[in-house]
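In the part that follows, the structures are each spelled out as structure tokens.
Paired with chain B in one complex and with chain C in the other, chain A is shared by the two complexes that follow.
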Partner chain A sequence: MSRTITIDPVTRIEGHSKITIHLDDEGKVNDARFHVTQFRGFEKFCEGRPFYEMPSLMARTCGICPVSHLVAGAKACDDILAVRLPDAAIMLRKIMNLSQIIQSHALSFFYLSSPDILLGLDSPVQDRNLGGIVKANPELAKNGILLRKFGQKIIELLGGKRIHPSWVIAGGVSTKLTEEQRKTMLGWIPEALKAIQWTLDTVKPLLENFREEMRTFGNFPSLFMGLVNENNELEHYSGKLRIVDSVGNIIADKLDPQKYFEYIEEKVEPWTFMKFPYYKPLGPDQGSYRVGPLARLNIIDRCGTPLADQEWAEFRDLERGAVLSSFHYHFARLIEILYGIEKIKMLLDDEKILSTHFRAYAEPNNFEGVGVSEAPRGTLIHHYKINEQGLITWANMIIATGHNNQAMNKGILQAAKHFIKHDKLTEGMTNRVEAVIRCYDPCLSCSTHAVGKMPMKIQLVNSCNEIIDELIKN
Partner chain B sequence: MVTTGKKVKTFIIDGKDVSGTEDQTVIEVCRENNIEIPTLCHLEGLAEVGACRLCLVEIKGSNKLLPACVTKVHEGMEVITASEGLKKYRIKILELFFSERNHICSVCVSNGICELQNLAQRLGMTHVHYPYLFPKFDVDASHERFVLDNNRCILCTRCVRVCDEIEGAHTWDIMGRGIESMVITDLNKPWGESESCTSCGKCVAVCPTGALVEKYKNAVDKSFMYKKDKLKFLPYLTTMREVKNEQS
Partner chain C sequence: MNKVLVIGYGNSLAGDDAFGFYAAQKLVGLELPEYVAVKYIHQLMPEHAEEIAEYDLLICIDAEVSGNHGELRCRLINTDDLHDTGTAAHDYTLESILLLARQLYGKLPEVHLITVSGKNFLTSDRLSPEVEIRIPDVIENVFSIINTKKHLLGLPVIM
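And now, the complex of A and B:
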């Protein structure tokens, strides 16, 4: 008799979702699905709004990474204005975008995932949270909080508030950087660098304990996509898109992000609100790709900052070709935090950043605009169309988590096949299935993330839809 | 303020003895005596309409609440401007504004410099207890420099009055009834096609919310001059009225 196991809701991720695991007649895992159960409709209700409102309107998509949407939205508006941005504006936007990535990665790793890594996936659920980390390794918890604060404080200093600043606007930014602000930010750098280096030294040996998870957590061949700069280094703001295959070969390079629709298509499935984007030339199956920190570190030739390059060399040694195991997203995230701190310092050290020319003025010169940037979780695409009055007639967003949709489903199936034995439901088993999802740090909406306290319901359902077994965790 | 030829009235506001001339309204005397009364439609220099109802006051002997902006002073009256009951009513009126149109401050271009938002904060409005109605109005961005968003309009009619009384163009008017009321230009033509509009921008300057704004700008913009310079604009309005009064 075929059965279905449902994990609902999935905890310690951003948003609402559930997992169903379908068993065949012999009780073996047949299929696994990651259902995103929320619908929001941003692309629809922004229709009719003036285009220059879009960056701050779309930033409301997410409370974790509003800056990413702000930046991608503003870039799409720049495209509508058809302006060349002043250097200072680009540099300041880059700093804010990197700060966003640092704070989000710190949230994902330290607050949500480090309990699994430090305490182990079979440790008691009441300890497997930030509170447990504080007890077990206060230094790690302290550094996590410090790094998140570092990112948030820069966002606040530049944009006036930590969440949903509206400082990035069509054509540039709204205020210039003062010498005092620059000094303040530079003053925060050494402490943050120390924190991330300590974390890398502490966490790297711990990862060795997860050999089985590395083998089975979304470890499958796929494509990887992300932005690279003109020197093929790590890039989060501008640059061109590059796609590499599972062996590490570049299969498409210098793709114009503005023309994403020529090579990316989205597939829709009836059981989830999240779409499945894929690389068009290879079709929905072969063309599925991963984005985010793991992908970004897989596609580049080097990071471009000295300390991050050293860590990156170690990362590339993990596997031949591209690093395939999604478990390594965690390590990749820490390397990106290090890169972000170094890069912010490099940008702040440049005198051009203090320029009084921080905004370009223009009226709409295009009816259409595309903005692409790297959000913490991967490539983010905003695409707007306007009418003669400058009012939005159509909008499309491809969110980083969306790109990873296919990969998340594959990852769950792989972990479920390996860890789920049909005769019993154990907590360790469902933890592992959830932990696969957590590797991708999916941001399904804006604000919800409970610290190990959300109730979780796992149901075994037979082919007649009768519940034959139930496990409730509170 | 005492002007020759006009009778002086003495009366009480909030227990304080005050005086004003017979042609003054309660709100004018309150302002002269630094007694604060919240308003959204009243603007010094423009005719009064009593549209927003936020300046309602209690007057002894009357069983109705009266709007201070259109109530003339009279001898011996006793006015209460800030009783507990009045505070509650004012918050309820504000809540009705917020429920009637799409006043979502977080994504509004006037966020931070909006009179409706400021007032809600100042009076301590914490929730909207009425269901949101949010009728959908199209944004009119046909004008070269300005945008009209009726979704953020509170129908205070400051734009209608400033255009008529100060600029003398009378481009603006109100159309429709109840929830469907909206400000329109030239018999509901798109603003950009209006023949009477002089593009002076006075309507944008006096708009208390984000209903009339400069195109391509928002409140974080340094150059969002019209709304931020409202205080500088007020003496101009008053001067214009005095000139007009002298002529008539």
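And now, the complex of A and C:
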């Protein structure tokens, strides 16, 4: 008798989703699906709006990573204007984008995932939160708060507010950086660097306790995609796209991000609102790829900052070829925080950043524009078309979490097959399946939440739709 | 040195949930002594714990679901008896943030909570009239609390 286990909603992620695990007649897992149950209508209701509103408008997609949408949206508008941005504008946008990545990674690791790592996947569910971390290791909690605050403070200093700033605009940024602002940000760097280095030293030994999870949490061959700069180093704002295979071979390089539609295709499944992008030349299965911190560290030749490069060397030693286990997204995230802090300092140390030339002006010169940047969770693509009045006629966004959709589904299937073997569910089993999803830190537009309570119900249902076991968490 | 922190919080797209947000925004527009800092935010997050721990007096302004529409309540939070009400990713309560502040930073200010009962918590970017009308009363309450505590804090009176 075939059965289905439903985990609804998945907890400690950004947004609403559920997981179904399908059992065969012998009670073995034969399929698992990650369903996104919320709908994003932004591409439709922006139609008719002036194109220059798009960066701020599309940033409203999300309350966690609005800056990423702001940056990608502004880049798409730059493309419509066909302008060359002043150096100061690019540098300032890079700082804000990196700050966004730091604060988002800090939220993902310290608030959402570190309870699993520090307390264990079988620890009492009521302890698996920041409160549990405070009791077990207050220094880790303090550093998490400090790092998230570091990113948010920079966003606030530059953009006027922590969530949904509108300072990044078509053609550049809206105000110049003052010497006082620069000094303030530079003053925050040493403490942030100390916090992430302490965290890396503390967390790396703990990861060794998760050998079984490393083997089974989305550990499979796939492609990896992300931006690299002209030196093939880590890049989150500009550069070209590179794709490597599971062995680490570069299979596509210097791909023009603005022509993404020539090599990325999306397939649709009836059971989820999220599409399944893939690398077109290899088809939906072989062309499945991963994006985000793990992918970015797999595709580069080096990070490009001294301390992050040391950690990256350790990361690459984890496996021969590309690092395949999605469990290592956590380690990759911490390395990117370190890189981000170092890179922000490098950008602030450059005198050009204080230039009074921080915006390029033009009327629309193209009827179409594409903006691509790296968001915390991976490559983010905004694509707009306008009419002669400069009003939006069509928009498309491929969000980072979407790129990882196929990989997340494969990952939960792998974990479910390994950990769910009986008719009787345990909390530890289902937490492991959820924890695979948390590795990817999916962002499902959590800004639409009205109320924060998220009870979770897991049901074991037979082929006659009879509930044969049920777990409820509040 | 800032000794008093006033935080108003709420979702500005969820109707009366934003009462605290708008009340604090109104306070910012008034002439305030330099020892009073005011913040209006979407929601309380762990990052606010450190900041809260740095003050002597904290006044929070929030909306309340229960009670008659527009009903104003003022209470002193018993910080000696805080319980871990859960610090899940999207569900930080005032109590959980205060607890974090004490556990991580070792101190807490005296905490007052002023609430007004809302009428509409559905999607809207404005307050219900019977709720909005209480903003001046809440501001008066904020000043009253600060003045009552001035001797403890060694601060001048706000007129």
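The working rule: the second predicted complex is superposed on the first by the 466 of 474 C-alpha atoms of A that agree within 3 Å, B and C clash if a C-alpha of one lies under 4 Å from a C-alpha of the other, contacts with A are read in each partner's own complex, and residues count from 1 in each chain.
To be clear about the criterion, contacts are C-beta pairs under 8 Å (C-beta built on N, C-alpha and C of every residue); 3 or more make two chains touch, one makes a residue touch a chain.
The shown structure was predicted, so the numbers you read here are calculated from the model rather than taken from an experiment.
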- request: Check whether chain B or chain C contacts more residues of chain A in the superposed model.
  value: C
Message: Once chain A of both complexes is superposed, is A:152 in touch with chain B (first), chain C (second), both, or neither?
response: second
- request: Identify the partner contact of A:354: answer first if only chain B is touched, second if only chain C is, both if each is, neither if none is.
  value: neither
Task: Return first, second, both or neither, reflecting whether A:163 touches chain B, chain C, both chains, or no partner chain.
output: second
- request: In the overlay, answer first, second, both or neither for which of chain B and chain C A:175 touches.
  value: first
- request: State whether A:112 touches chain B only (first), chain C only (second), both chains, or neither.
  value: second
Query: So, A:207: does it touch chain B (first), chain C (second), both, or neither?
result: neither
Statement: Dual-contact residues of chain A (chain B, chain C) none
Query: Can you list the chain A residues touching chain B in their complex?
result: 48-50, 52-53, 56-57, 60, 160, 164, 166-167, 169-170, 174-175, 363, 389-391
Task: Please give the residue numbers of chain B that touch chain A in the complex, ascending.
output: 106-107, 109, 111, 138-142, 147, 192, 215-218, 220-222
Query: chain C touches which residues of chain A in the complex?
result: 11-14, 63, 107, 111-112, 126, 129-131, 134-135, 138, 141-142, 144-146, 148-149, 152, 163, 446, 449-450, 452-454
Task: Spell out the residues on chain C that touch chain A in their complex, using ranges where they run on.
output: 11, 14, 42, 46-47, 49-50, 84, 86-92, 96, 99-100, 103-104, 121, 123
